[in-house]
Amino acid sequence: MSRIEEILKEMEYIAHHPAQMVMKWKSETGKKAVGIAPIHCAEEVVHAAGMLPVGIWGGQTTLTRASEYVQAFCCSIAKAIMELSAAGAYKHLDAIVFPETCDTLRVIPLMMRIADPLTPVIGLVLPDNRKIPAGIEYTANEYRNIAKRLEEITGNMVTDSSLHASIELYNKHHAAMMRFFDVAAEHADIINPYWRHQVVKSSFFILKEKHLALVEELTSELSALPVNKGKGPRVVVTGIMTEPDNLLHLLGEFGYTIVADDLAQSSRQFRTHTPDDTDPFIRLGKRFAAFEGCSCVCDPDKLRGKILIDMVNRQQADGVVVLILKFCDPEEYDYPFIKQDLEAAGIPHLYLEIEQQMDSVEQLRTRLQAFSEMLMDR
Amino acid sequence: MTKLSAKDAIKKIQAEYYEEANRAHEEGKLVAWVTSIAPREFLEAMDIVTVYPENHAAAIAAKKGSMEMIDIAESMGYSADICSYARVNLGYVEKGDSAAGKVPYPDLLFCCNNICDTVTKWYEILARRLNVPLIMIDLPFGFTPQPTEHQLEYVVGQFENAISQLEAICRKPFNYSRFEESMHLSNQAALLWKESMEFGKKKPCPFNGLDFFNYMAQIVCSRGNEKAVEFFTLLRDELGEKVARGEGYLAEEKYRILWDGIPLWYNLRLMNNTFKENNAVMVGSTYPDNWAVTYDTTDLKSMAKAYMGNFSNREFTFRFHNMLRMVRDYSIDGVVMHCNRSCKNQDFAQYALAREITKVTGVPVTIVDGDQDDPRAFSEAQYVTRIQALFETIERSRN
Amino acid sequence: MLTMGVDIGSASSKVVILKDGKDILAGVVVPVGTGTSGPTRALQQALEMAKVSKSDISKVVVTGYGRMTFKEADEQVSEITCHAKGVHHLVPSARTIIDIGGQDAKVIKLDEHGYVTNFVMNEKCAAGTGRFLEVMARVLEVSVSDLQELGDQAENIVPISSTCTVFAESEVISQLAAGQKSADVVAGIHQSVARRVAGLAGRVGLTPDVVMTGGVAQNGGVVKALERELKVPIVVAPKSQLTGAIGAALIAYEKISKR
């Protein structure tokens, strides 16, 4: 096996075994682990307290207990989180930080406190008015509050210097991820949508410094190989996530190459650099103020369409695949203007409704195939 | 001089309200579209006419015109999954007229998200579609039982920012004296509203709780000016007199019901009849209490806290105690929860809430599926069956 | 040069043999679909009709729901692309296709060469498809093919507002129980299907000529209701069931000619 294959296989394993990664961390280091729920939460705070931040993104679970808490029209990620919580899957976490992301995800942590009362759930409420001085100050204070609550629960402290150090590390990591995405776009023969996702997903279950080393090595190995832009359509994907696995395999089957993404689970985590300031919590406030283009972050200028168009142009992509997570209100609200902006720019797009747990992707098959035929016929 | 009954007065006042709103531009006033529990005192201070898309959407549904608007919005690509108030309003924006008449297009938007995150998305869309400024009042969701100091500071910071925004838009200084007046009037109206609602604790209940969903329009639209004080004084006095005479809405009060959530605006007749025919009276609802917003008018932090306090902005323990208090104080026999397809913020806590309420009080809870404005999500047969089953359960527990 | 197009649906198998990308030598429909002997039988019948053997066929393209498991084809192409090509062959002025099948509904935009420029499919459920009409026909105790004639006798439209097939079924029952005439209820059912489809069509926009294909296109009542909702004239494609197979055969021809 080449070094590239080794790294990808390692990442695939990490991505598919989050619980194991947490147990391994705890037993090897004796340190604690804190869950980070979707979408926007500066996990640097957890890292700075010497704990492992663990991404909570739902999962491939059969939904049996969730319906005791939430109705059917709840998005599949939220349902899966509810299911896992009710099943006690989060008991090995010392705490969970849960951002107030949308109407659905604000109620889920309230239900989790009932379903699993022994796992403390700390709410994080980031501002809509994030750019005004009061907003930046508020974000900083919310994170100070998180640090304080974590200290109360775990005994672990955050200092200014440890937080600065974590922020610097995360800035490096995020830059490395964005660079990887560019290099991956030039090596479509090796990095297909499935493998691209393993690189992303594995970042949520191990220390960032470990993941950074793997990503840098992978990127360097790929760069040494000849450029291969793939045989099929080169697309930008947008939405919450590209799970489940069978969706990724389907994309690969029709030769799709993801040249860039605007996914909540991917580039929205990595694409904003944290600016400088003497106060590390203010730095987090400034980053949240600088971030643009998520359906769950207040954006009166509706910049997402423009951001997608820029991504398409930068990579000379053939089109955009819009992955609407079923029952995701924020994404559903954004879609008509994204559609309008893409159409005005002459960029073809495919609207695909997905769920995190999909036993059958047959309906998606026809659409993805037809779209690829449409793009390649142009 | 014969005084109007509250039921007749509200119709008259609301008609006048809409007429005035439609004259606003003619009279050189600015129009703002506002969310239902926003601190309209700021707008009252600047003599801005406030229009409520949620209220308009409810009226459209009551006049059976919501599907027309919904069809327009859905053909634009808006999913049937999103809030039906938003779909009706976004459809109205394109059509410009409705079964409940017109409202003037806004010069600015004033969005306060204490009711849900949906309004943020909805108003972002309106800002772009109508190309008007958006004033955002972000009232952080309460994961903790009480708001934190830094949350209150953030809100006050936004209040101050909103004042600057208003000054820029209106091109005149903020009228602090009218603002103060408005705050007083707002508190007055809120207290009268609360007093009126609390007559529901009496046996017999002097009112049909469903009427409060109509009276509500004034606490939403005019809280902070003289009109609301006038109307709610009338209402309070009328109900007070009925209580003094021992007059109940029903001759025989068999079931005292608590309604949780927004009503089915397109079928109020069914709601009315199903209760009345079974000698059931809605004595209270969790919904109207959201507007009993009272605060210390000399302290903006107190105002911030009050506007953050409605139950949809709160964590589960508050929601539970809020309902528990009502079940006890209003002598409730049964609870009907509206699983409103449009309102995930409320719905996803309902199952747990229903279990806890019944566990602690022994009072049965039934959940009915429906939607506030979209009649497609509602089945009349299912509604009647579930309500009757609730009455039967109450009967059984009495024997 | 002979090419063959095979369209394997859930309920039927269609085969077309095309000569030089122009002349249809054979067009066969067998009323059973994927997982049955349908595809093989349709293929045999088509060869017999054209009086040729399999080895005379230069290229076979398969499409439709059952395309993944059909072994006799050289290539498989989506039914969206094939339909567009096929309709374009039959109605060269077509720029929008509304296809309502048994299980789904699609709206396809195409350019002057028959290439797909945009498309949308119904995500939700049976409402607005042939299945919806089957369920309603059963309630009315008529066959689906009777619906058009029944609807023609309507004096009024009894609206059926539920979008969910299950709710709509009970709504139809209530209306009939309340004494409404079957004909008027059928008119309401047709309008309901038309509304759903119109909503779908709105997402990609309508460019004339608008052509309708699929089994439901045979129901003139639905077509008229759709014309009323969309406010455009609708052309029902001739040989409506074969458009997918024709398109597949055309694509087979184009792919060979390119070489």
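Should a chain be cited, it is by its letter among A, B and C, assigned in written order, with residues numbered from 1 in that chain.
What we mean here is this: contacts are C-beta pairs under 8 Å (C-beta built on N, C-alpha and C of every residue); 3 or more make two chains touch, one makes a residue touch a chain.
In this text the structure is predicted, and so the values were computed from the model without any measurement.
Can you list every chain that touches chain A and also touches chain C?
Expected: B.
Can you identify the chain nearest the overall CA centroid, using each chain's own CA centroid?
Checking distances from each chain centre to the full centroid gives A.
Averaging only over C-alpha atoms, locate the centres of chain A and chain C and give their separation in whole Å.
Centres of chain A and chain C (C-alpha means) sit 40 Å apart.
Provide the C-alpha centroid distance between chain B and chain C, rounded to the nearest whole angstrom.
Each chain's C-alpha centroid was found; their separation is 47 Å.
Return the distance between the CA-based centres of chain A and chain B, expressed in whole Å.
36
What positions in chain B touch 2 or more of the other chains?
In chain B, the residues touching two or more other chains are 76-77.
Touching at least two other chains at once: which residues of chain C meet that condition?
Residues 203 of chain C touch two or more partner chains.
What part of chain C is in contact with chain A in the complex they form?
Interface residues on chain C, with respect to chain A: 65, 68, 77-81, 104, 115-121, 123, 203.
State the interface residues of chain C toward chain B in the complex, per the touch definition above.
Counting only chain C, the residues touching chain B are 161-164, 167, 170, 174, 195, 198-199, 202-203.
Residue numbers of chain A touching chain B in their complex, please.
68-71, 73-74, 98, 100, 102-104, 106-111, 113-114, 122-123, 125, 127-129, 132-135, 137-138, 141-142, 144-145, 295, 298-302, 324, 326-327, 329-330, 332-337, 339
Which residues of chain B touch chain C once you look at their complex with the stated criterion?
67, 71, 74-77, 80, 375-376, 379, 381
Please output the residues of chain A touching chain C within their complex, sorted ascending.
348, 351, 353, 362-363, 365-367, 369-371, 373-374, 377-378
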